[in-house]
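Order of writing sets the labels: A, B, C, D, E and F. Residues in every chain begin at 1.
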Amino acid sequence: MKKILVINPIATDEWNDSDRRLLQQQTSEDTVIDLVSLEQGPSTIETFRDIVLAGPGIMQAAENESKNYDGIMINCFADPGLEVLRETCNIPVTAPCESSLAFVSLLGLNFSVVATLRKLYPVFETKCLKMGLMRRLNSFRVINLGVKELEEEPGITIKKIVREINQSAVSGAQAAILGCTGMLPFYTEIKKGVEIPVIEPATSALKMLESLIEMKLSYK
Amino acid sequence: MKKILVINPIATDEWNDSDRRLLQQQTSEDTVIDLVSLEQGPSTIETFRDIVLAGPGIMQAAENESKNYDGIMINCFADPGLEVLRETCNIPVTAPCESSLAFVSLLGLNFSVVATLRKLYPVFETKCLKMGLMRRLNSFRVINLGVKELEEEPGITIKKIVREINQSAVSGAQAAILGCTGMLPFYTEIKKGVEIPVIEPATSALKMLESLIEMKLSYK
Amino acid sequence: MKKILVINPIATDEWNDSDRRLLQQQTSEDTVIDLVSLEQGPSTIETFRDIVLAGPGIMQAAENESKNYDGIMINCFADPGLEVLRETCNIPVTAPCESSLAFVSLLGLNFSVVATLRKLYPVFETKCLKMGLMRRLNSFRVINLGVKELEEEPGITIKKIVREINQSAVSGAQAAILGCTGMLPFYTEIKKGVEIPVIEPATSALKMLESLIEMKLSYK
Amino acid sequence: MKKILVINPIATDEWNDSDRRLLQQQTSEDTVIDLVSLEQGPSTIETFRDIVLAGPGIMQAAENESKNYDGIMINCFADPGLEVLRETCNIPVTAPCESSLAFVSLLGLNFSVVATLRKLYPVFETKCLKMGLMRRLNSFRVINLGVKELEEEPGITIKKIVREINQSAVSGAQAAILGCTGMLPFYTEIKKGVEIPVIEPATSALKMLESLIEMKLSYK
Amino acid sequence: MKKILVINPIATDEWNDSDRRLLQQQTSEDTVIDLVSLEQGPSTIETFRDIVLAGPGIMQAAENESKNYDGIMINCFADPGLEVLRETCNIPVTAPCESSLAFVSLLGLNFSVVATLRKLYPVFETKCLKMGLMRRLNSFRVINLGVKELEEEPGITIKKIVREINQSAVSGAQAAILGCTGMLPFYTEIKKGVEIPVIEPATSALKMLESLIEMKLSYK
Amino acid sequence: MKKILVINPIATDEWNDSDRRLLQQQTSEDTVIDLVSLEQGPSTIETFRDIVLAGPGIMQAAENESKNYDGIMINCFADPGLEVLRETCNIPVTAPCESSLAFVSLLGLNFSVVATLRKLYPVFETKCLKMGLMRRLNSFRVINLGVKELEEEPGITIKKIVREINQSAVSGAQAAILGCTGMLPFYTEIKKGVEIPVIEPATSALKMLESLIEMKLSYK
């Protein structure tokens, strides 16, 4: 049995139950998932400001809880706090952007990312560059909906995401990454509309974490 | 339950039982592992010649068997046949070199590889280059023992591998990859002698394959 | 006098005579060209499957014949068998893709490739990456005709190739490579329709091979 | 006249006066320098943890004070808070690591960095990679003294730094960067012992900031 | 006080006065600017031929005058003579292309260049490649006016430049560089029409030179 | 029959006869080689200063003579004047550094260069970078003899070159380039002492030029 702590790096427990349930559905009963959000921090992660403000709260959450867990997953595509938790925790830590880049590198020579807003590009580029995958990036596309708007009209959200993935496929993308963990509820529907493999980042972080726990591998 | 076909890309069933058993130990009962070797092909994979000669047999093995499995793992660090099986099979296919590079990219900024013989370097470099990780390669080190010599004196083999990993750590490597799937039997002992995370490639390919199967992702 | 063995990596002698004659026209009487095709193998090279199936036959042909020659040229833009022949032969070996990339690097800062089918792109990209020329690739374009369709209506084939080269020139390409050795018969006509230098890959491999023989340079 | 706010990203005013004075010496009377440290935060910046903990305090300092200034300089070689201040402020913001990399790129084809501790390398590498200068990095060297130990025995500190710079010059470095703003007090002495140009990062950030102010250029 | 020698690398003194006056306006009275043009050389720099013909004259000008100055600035975006003056002079030498690339690297993740003519691209690419910034180049755009045509109808020139900058911003450029020092007279007007920071190369070279003089840094 | 003009980019006809004879020996009677040196220029090419001073003379030589030739070869490893002749001539132009890099890319994954003096490295690096081959450069080694000293004691010159090539082979180089066309007289002896392929740059430029002439390919 593996015990996993998921940290939602935002100061609201609004999505705690639904996120925990959705993530639990991606794995077996052998994995127990607990999910905490921050006591203090931003309400969403959409700017460098949000990332900075979430930092201390993520460290605090990991410090309070990590002794009871086998691994930690940070539940946001900006991967906030990933470097610092790897430095301070002695259990494996994974995050969605880095994990989905690891999977996509096995699935397609060129890939696209479909994110919420253009202003998230610099955060993504830094990560993609570090992973050595800039050359394989087909395109970074956006649907121009903020995180909180994703759930307003699910049908439209799905349609927009599907359209961007399909357009990237036409221009040569062989796989796509969803650029926001808030797109997980629409994953099943999205896959029905597209013909290239689509990687969901929260599930990617979860699978990578389970593998690292099973292989007993952590950063230090 | 997941059914996985492991292909040993060599024309000998000498290691079929022990490899199957060792791999089964890396996973749960929920995963059933079958292992086949080739009808025709080389006895080990240590040159481009071996890779070419193994190619048709790997294709044949996959064609004969894949319909009964959820995924295929090629059990050799040279990843022979990986591109062609991704082209011809509609289930996920993984291989050790690529998979261990995916894991190492999450575990250390710089990493080393400890392989058997120098002549395998060109095969590795091509792969590492494609994965975008050349810049993060600390060193490619060898112990100057062929695949078949690894098991002759296990104590010496382990000592040589440990020494190379530790030397790479001194020169800055933050993680190491074992550069031959034939080093799996010594993995537990190797880990006792080193202070940086060590990635075993066969287990890496197995975990990546299980994740892809669970996420229902394949190349096409 | 130089004696060159050209290997057509396909199991048909259909093009042996015409290919030998066309290649002989690209050089002087001082070079004697013999051409063999495979006893067993694919009928064209258009997939990774074809490359794998051609491998053993290419090795066999080189092994049977190389002792009577000064150099070997592999006559297919996918460069099948190039690494293995360099490993096993002690005479120079060249192939069209690598050779035309060597020439194009002297002729234009940015270049395009006009190939038959999109599915050949991954084979080309791996090669281009290894040669360090990805940054200078303007575009990889296709005419959507298979190898065997090239000769059906030569006028249309030439028109399509010319159009793609000219479009790449508009978007900045300073030179173009024909991405299939089967385009050699149309080379003279193609050059009449374009304003940038066009590199024919079979001739490139032949010239590189003659130079290596004259300079007495081989891989080992 | 230019008014510059220097933020020492640490929760101690211990070095406020000396740092302000040293920086003022690097410029003319035409530039007025004020220096603030943080109300809350770490006492030095030597880990990712320190960077995360300093983040909110840096934002706060900039928010409180920036309206009275023409530009902001962050006084730490880890460049903490640089991205977020560029996002939130509408005056130019510079930091030492990035600025010294900009200067070194004009002064030497290959360069070295001489820092305090090895654990700072990942922070530097990410920056160097983003600036496109990894290929030109000769070596990242350390003197194994923490920030607070630098001033304990100035003679020894200077000797160690000079030795590392000279060793990098022997192995080909054409210029060197001091990898900690805490080395500013020793800059004059260091330059006497070496034969390649040495770039001091705090002065670099100051000069870059003055230039950006004079050119009326900011991130947005 | 700093004494700066500006070399106009052309054999006409037509722009000497106006260029000197415009550059003096970019700095304080503390900097004295003298400007010389060549005795022999091309009338503008628009080809490799012009660069080669200007070379000896630039060396001569520096040799004749440098002993009376604290630094030299080469006033042309092709940076002619930069390497050789760094080799032969023992005072700092800067040039517009390299200097504006140093500034732009602090101002935007991706940037565009708006130049006069397409044929200048190879000169720029070599420089951008050496600076490690090719990956961050959004686009190299031209207005199809030669240097001497820039001043014919200032209103049209400004309009064309503004249009290209704005189009690059739409496709993601976060900053722009003017690709010709002859655009300096229009800089103020250009900035009024655009929403991203625009870097003027002559001023960039001047600021970089003043900083290097103040920091007492030169190539040797 | 091919008529080739070789330009020795120096203002001495001291080596005209011997160089012409040595180059003629590398090819057949079908190729007629004429060799000219400059009327004005440096006596050797060993600095950026020499390259600048040779520029106008190289242009002049090409302008005076090119109408009578099928191609031009610049006989110096610094490739002076290559870009400008490609711009101004409508026949093929080749040069030793670029041509030997084209050949070495076919002969070894990693290669070394053995040159005369360290100060030539920046010239070489710029070229190697443009050709995309920096990643494959094993090492740039020097024998610390100026061009004119090479012939003083041939036995010592050969011994030093052989030693550097062999040391590079030990550290992984699979091929070597001689980094000065003045080493041509010793080529035969050098090859006897080493076990990896050695590429002579003047012959490389000659062979590349003959191929381009035969293929009727020039830059414009």
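Quick note on the criterion: a contact is a pair of C-beta atoms (placed from the backbone, for glycine too) under 8 Å apart; a residue touches a chain by one contact, two chains touch by 3 or more.
The model shown is predicted, which means the values in this text are computed figures rather than measured ones.
Novice: Using the touch definition up top, find the fewest steps from chain C to chain D.
Specialist: Minimum step count, chain C to chain D: 2.
Novice: Which chains are shared contacts of chain E and chain F?
Specialist: A chain counts here if it touches both chain E and chain F, which gives C, D.
Novice: Averaging each chain's C-alpha atoms to get its centre, pick out the one most distant from chain C.
Specialist: Of all the other chains, the one whose centre lies farthest from chain C is D.
Novice: Does the chain B and chain C pair touch with the same residues on each side or with different residues, judged by whether over half of the numbers are shared?
Specialist: same
Novice: I'd like the Å distance between the centres of chain C and chain E, where a centre is the mean of that chain's Cα atoms.
Specialist: 44
Novice: If you average the CA atoms of chain C and of chain F, how many Å lie between those two points?
Specialist: Averaging C-alpha atoms per chain gives centres 27 Å apart.
Novice: Approximately how many whole Å separate the CA-defined centres of chain A and chain D?
Specialist: Going by mean C-alpha positions, chain A sits 33 Å from chain D.
Novice: Spell out, as numbers or ranges, the residues of chain E touching 2 or more other chains.
Specialist: 122, 129, 134-135
Novice: For this assembly, give the contact graph shape among line, ring, star, complete and other.
Specialist: Basically it's none of the tidy shapes, so other.
Novice: For this structure, give each pair of chains that are touching.
Specialist: Chains touch in the following pairs: A-B, A-C, A-D, A-E, B-C, B-D, B-F, C-E, C-F, D-E, D-F, E-F.
Novice: Sort out for me which residues of chain E touch chain D in the complex.
Specialist: So the residues of chain E touching chain D come out as 26-28, 30, 94, 98-99, 102-103, 105-108, 131-136, 197, 199-200, 203-204, 207-208, 210-212, 214-215, 217-220.
Novice: Where on chain B does chain D make contact in their complex?
Specialist: Per the stated touch rule, the residues are 109, 135, 172.
Novice: Of all residues in chain D, which touch chain A in the complex?
Specialist: By the definition above, chain D touches chain A via 47-49, 51-53, 55-56, 58-59, 81, 83-84, 87-88, 122, 126, 129-130.
Novice: Per the contact definition, I'd like the list of chain A residues that touch chain E in the complex.
Specialist: Counting only chain A, the residues touching chain E are 121-122, 125, 129, 134.
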